[in-house]
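Read through the structures below before going on.
One chain, subunit A, appears in both complexes that follow, with subunit B as partner in the first and subunit C in the second.
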Partner chain A sequence: MGNPRSESNKGDQVKFQEELKDNIRKALPELDVVIGWCGSFDPLHATPHFMRREEDIDKLEISPLSVHNLATYLPGLRGKKVGIVVKGCDSRSVVELLQENLINREDITIFGFPCTGVVDQSKIKKALGGHTGNIEFCDMSESVIVIKSEDKAYTLPMAEMLADKCSSCRYPDAVISDYFAGEKIGNKGEEDADYAAVETFENLSVPERFGYWLKEFDRCIRCYACRNACPLCVCRDHCAAESRDPHWLSQENNVRDKLMFQVIHAYHLAGRCTECGECQRACPVDIPVLMFKQKMNKEIRDTFQYEAGVDPEATPPLLSFKMKEENITEKVW
Partner chain B sequence: MPVLTGKELRIVGFLCNWCSYGGADTAGIGRFNQPTDLRIIKVPCSGRIDPLFVVKALMNGADGVLVSGCHPRDCHYAEGNFYARRRLEIMHNFLPIIGYEPERFEYTWVSASEGQRWQQVVTSFTEQIHKLGPAPKILGPEASDTLSLMQAAL
Partner chain C sequence: MKVGVFVCHCGSNIEATVDTAAVAAAAREFPGVVFATDTMYTCSEPGQDEIVNAIKEHNLGGIVVASCTPRMHEQTFRRTVERAGLNKYLFEMANIREHVSWIGKDREANTNKSVDLVRMATEKLLRNRPLYSKKFDINKRVLVIGGGVAGIQAALDCADGGLEVVMVEKTSTIGGKMAKLDKTFPTVDCSSCILGPRMVDVAQHPNITLYAYSEIEEINGYVGNFEIKVKKKATYVNWDSCTGCGICMEKCPSKKATDYFNEGIGKTTAINIPFPQAIPKKAKIDPDFCTKLTKGKCGVCAKVCPSGCIDYEMQDEFVTEKVGAIVTATGYDLFDWSVYGEYGAGRYPDVITGLQYERMLSASGPTGGHIKRPSDGKEPKNIVFIQCVGSRDKSVGRPYCTGFCCMYTAKQAILTKDHLPDSQSYVFYMDIRAVGKLYDEFTRRAMEEYDTKYIRGRVSMIYPKGEKLLVRGADTLMGSQVEVDADLVVLAVGAEASAGASELAEKLRISYDSYGFYMEGHPKLKPVETNTAGVYLAGACQGPKDIPSSVAQGSAAAAKVLGLFSKDQLESDPQVSIVDIKRCIGCGKCIQTCPFGAIKEMEFRGMVKADVIETICQGCGICTSTCPQGAIQLQHSTDNQILSEVNALCQF
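== the complex of A and B ==
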């Protein structure tokens, strides 16, 4: 905490937050609602914040607790004038929604800011010994998180508490924005994508991989939080998971159907997923479901040199074809 | 008990109505010898095949899945197989992460006149699946062995 660098960074953060609030104040009269984040039931959590009146803006808080991808709300608010505060990863979901004509560009106002990463609540929970009740105090700097819970104080290194997607983040700044508060950090391109975790997993033997998923999905409770939190799962009442005709999944409680649902989810996101990680964050039993989507994205990148959520005008790779595919080698019999 | 129990594996084939199903027919009319592990499902076009059919088949007890359509540029619907090629290729490469060998699933093109080629495809694909052995089962009577093997592997 005594680190001068972290304090000056915190100063920057306060400065861009004020700038962001000014931006929202300027735009709010033209908008029905602006979505951001604010404090929640305890100092360790934030919650989505819907700003309709000027006084709501004061409650806006941007911090490493701003984990939610607010783009998930946009398709449901179609037709309204909506402002949205986005992290870099969230902005890619907005781009993807625009690309698929699920929202109208003229109806949304995007507020960007330079994101330095958000925490993974599961990691914090683990560091606190498995439960996060009675948080009395929480303070964050760039390097540490200080938490007081049930008369115990914890000092956790920020770098270890960041979500995995943040440590390898390539888009800290919004890729699309109408207002940008603070100074941009600088984005990297698709070629810097890091799929080391997927590659390590693929080096395991076949029974190890299969067994791993059977073990992980054994505790899935089929709550579909992964689907509901996903900004690109827009079928809502027409989801394949609940369809009876075709009957993709039974109502039984078995690992096969749980695993099958994740494959359906990953495949329906092929060439669309921006790896915002909402599925994994929303999972109440901490199943690493993001890995399927990362693998899918890795294949899409390697085969079609395409990355979702960067260019709203791009054509998704599975909606087009070439007579001769450069990167597809067909089997010779 | 059927004589082939234990010798035959379950392979599901999705064939397009216009080329590959005709090709399989031609092979039959020509009386070409073929292994009997393959069960054919006729679909209107290879573009009709949702790659999730492949996973669904594997998870429900198939040991291998073969998809066959018209040769590129020969699709009855002009471009169905071009879309299919992209989708199926992605699914083929995706399978290892779930824990299936990618070789359990292949897609190819056989025209209605290529009875010989059909025989060759079926024979070598069946061989390929027999080399891999039965796919891991999640449910049903064969599942208990696999599950205990998995637990041991972890």
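== the complex of A and C ==
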């Protein structure tokens, strides 16, 4: 398949990519596998890449197509020595997994790099008129994406194609890493997270909000891609969605059960979700499921002044027990 | 499972507003129910026999009783079903009294709600499994926290009953508030004369280990097997060799240390023994005032001490004690009355608290028993007592009655007349609460024989007028304004939970009310128990109490401990959490959130899993709501059971 993308415009990127490969070459002999990204079935997509041998490293490619949060693989590989290449947002998932004792720090080698954002394939698909078959050529610079598909050329502004989470990103550099390739961009964790969209939504009336979700979830096909992509969904064979013991949800095809699953998912992620957006990215029917988690995180921030996945030593507020919480008033009567 | 349902009338308590026969009839239609009836008093002997007979006759596998709260009779009915040969956990209760009949008058709505509650209980019961208790050994030692009169009573009663007692007291002497009092109502006998011998008994009893000037650092374990970490605060004096001779006190040049025992009436030395009858009679250094400790200069006490026991390098020390039961007798503290602007908010030296006045009356107090105005040392002539300062006052968040202020104010008025025959006492009161043996007679005596002027009304203002204080208030019986030129004003300041009560409650894992007083197991039937097994209450930590009540509670708590220790083994409650190891992913979130430290990591086939220690688990269920996998479940309240109850209620 090859990759016809020109690399002329990305001198820096090439440089840190080579540095990153050198880092991996150094570390690989001690590791069972290093997970990164490489080219995929067409020039517009990347795919997770598992490097076990030296020659696998050459195929590693970092680009705005490196959308996947590879931390999702870590709990399943517990017990193995694993290297992982992380964007800033991915690194927060790693931190959260460490905090929750779901992976062992000594088994994990983290390779960071300065991330300038990844694309939202749904936005590209929309710009291409809802059709992304037969991509013949794709080239990306800082400002534009040039795509050729079925003899038509498209020039799309990069800023408009970036994922929503990237435009308001406060952690472009990995918050935790053993190796860091390239120049750090600088994290801005002290700034408040942007929950403007959630706030706007909160201002709607209850029937409006409920109506919105009933409509959105009408097209949910219960594929659970949102759950499978989530790095913090670790129940494996015992997910509430499918368990008959306890029987939280029926298997019926109704909107209420679909919505109920998302509510359970959001509650399970309260104070844990790092808003990597994998759930929403993985959704084949583009349901904005991330908003549930953002809403929970906003509440957690307001109640506990806590942000998930930043400090490996911190204890998530819902995983501790206090007799008295500063911002929760009991005995209101 | 064949289920039997019994709907109780509770006399007219339930039947008056619930059609119990209709509830029983509806229950007969529920899946699993083969027998349902209504009974007059299910808890009575014939009522219980009816259950036993029904189990045998209809071969029932589980019983639902719809009656009062489980806190009332769950144990009763569990024993009943056990008597009939069933496992006692194959029983459920639907509370149709407190939750239904007592709170609503609409008979039809009440009946419908009762049917719903019975349906929920039945659905849960169908998913109950037999549970079995485990037996475990107990350590027959008891910890008494607090060395006031309640704690002393509890400790002596336990020790006389043959138990080993560990007493931990926060201050450097036992005796508590009672040791500060001059006389006690209603007999006006000398407080230290009746308490002193008891304090000596504590010190000399072979079964009692006393840790004075110590605090509870940590409490682990459970009924029968508590492990207590005690912090012995640094006294800077080696108590093993200190003889309490008091030479250090005589020679100490820092004479401006706060005198906590004397409630700030007068000052004491940086190294001090709080009062002559202190137990243990050992000196300690107040590090805030000792110049050797603050500035590194002095060292006089070390030079004069004949037994060489001063140690400026002393550090806090920790000791661990293992006990099987705990009696909490931490007492009370006085309300901070300086919130009252009308009484001068603490600005006027001649407005003092009742406890300060008590120290002034005491022959061993800083004034040697002479009543003197703190401002100029003169004898007062007109003395005004104001009652209900920080009691029965919603505006300062203290709506409760402290209960003993009426009595001690009357006592102080009587003593004032004894000390100063020319004086005149005035008492501003709201109501006289003199409920108790010889109490009302006592307040009458203060009024009639000692000529104390009782004025029913509140004081609106105190302000200085020359050397005196002008007290302006209302006489609501006369309907007029009153002004008294007072030389001294004594405030009957109410009691509040002792400082640090809530922190200790958290260590003890017992609950407290919104004022910080500890909650008893049941307001009438379990006055000295708490809801944590093995932890008992005595004295004012449970609510303001006078000396007779505190002593009674101390003895009651001791009786409970002796009863608990009459067995060599205890049974654990099997309604605890259990881990499904195939679901557990070993993340340890349950371990982090468990407030009782009841969950430990274990290894299973090379994987980390959670493991519940049954005897420590209290069945609170926090772990079950934390575990994302649903791997940890409360055995008697599983997710499935809760869901089945919800489904029984929300049928659509």
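Here, the second predicted complex is superposed on the first by the 313 of 333 C-alpha atoms of A that agree within 3 Å, B and C clash if a C-alpha of one lies under 4 Å from a C-alpha of the other, contacts with A are read in each partner's own complex, and residues count from 1 in each chain.
Following the convention adopted for this analysis, a contact is a pair of C-beta atoms (placed from the backbone, for glycine too) under 8 Å apart; a residue touches a chain by one contact, two chains touch by 3 or more.
Model, not experiment: these values are computed from the prediction.
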Partner chain(s) touched by A:292 [first = subunit B, second = subunit C, both, neither]: first
Touching partner for A:100 - first (subunit B), second (subunit C), both, neither: second
Which partner, subunit B or subunit C, touches more subunit A residues: B
Which superposed partner A:205 touches (first subunit B, second subunit C, both, neither): first
Touching partner for A:235 - first (subunit B), second (subunit C), both, neither: second
Partner chain(s) touched by A:123 [first = subunit B, second = subunit C, both, neither]: neither
Contacts of A:184 with subunit B and subunit C, given as first, second, both or neither: neither
First (subunit B), second (subunit C), both or neither touched by A:213: first
Touched partner set for A:315, first subunit B, second subunit C, both or neither: second
Which of subunit B and subunit C A:245 touches, first, second, both or neither: second
Overlap of subunit C and subunit B interfaces on subunit A (superposed complexes): 248, 318, 321, 323, 331
In the complex, subunit B residues that touch subunit A: 51-52, 55-56, 59-60, 72-73, 79, 82-83, 85-87, 89-91, 93-94, 96-101, 106-109, 117, 120-121, 124-125, 136, 138-139, 147, 149-151, 153-154
Residue ranges of subunit C in contact with subunit A within the complex: 502, 506, 514, 583, 585-589, 592-595, 622, 626, 628-631, 638-640, 643
Residue ranges of subunit A in contact with subunit B within the complex: 198, 201-202, 205-215, 248, 254-256, 259-260, 263-264, 266-267, 270, 291-292, 295-296, 299-300, 302-304, 317-318, 321-323, 325, 328, 330-331, 333
Complex contact set, residues of subunit A against subunit C: 75, 100-102, 234-236, 238, 240, 243, 245-248, 268, 315, 318-321, 323-324, 331
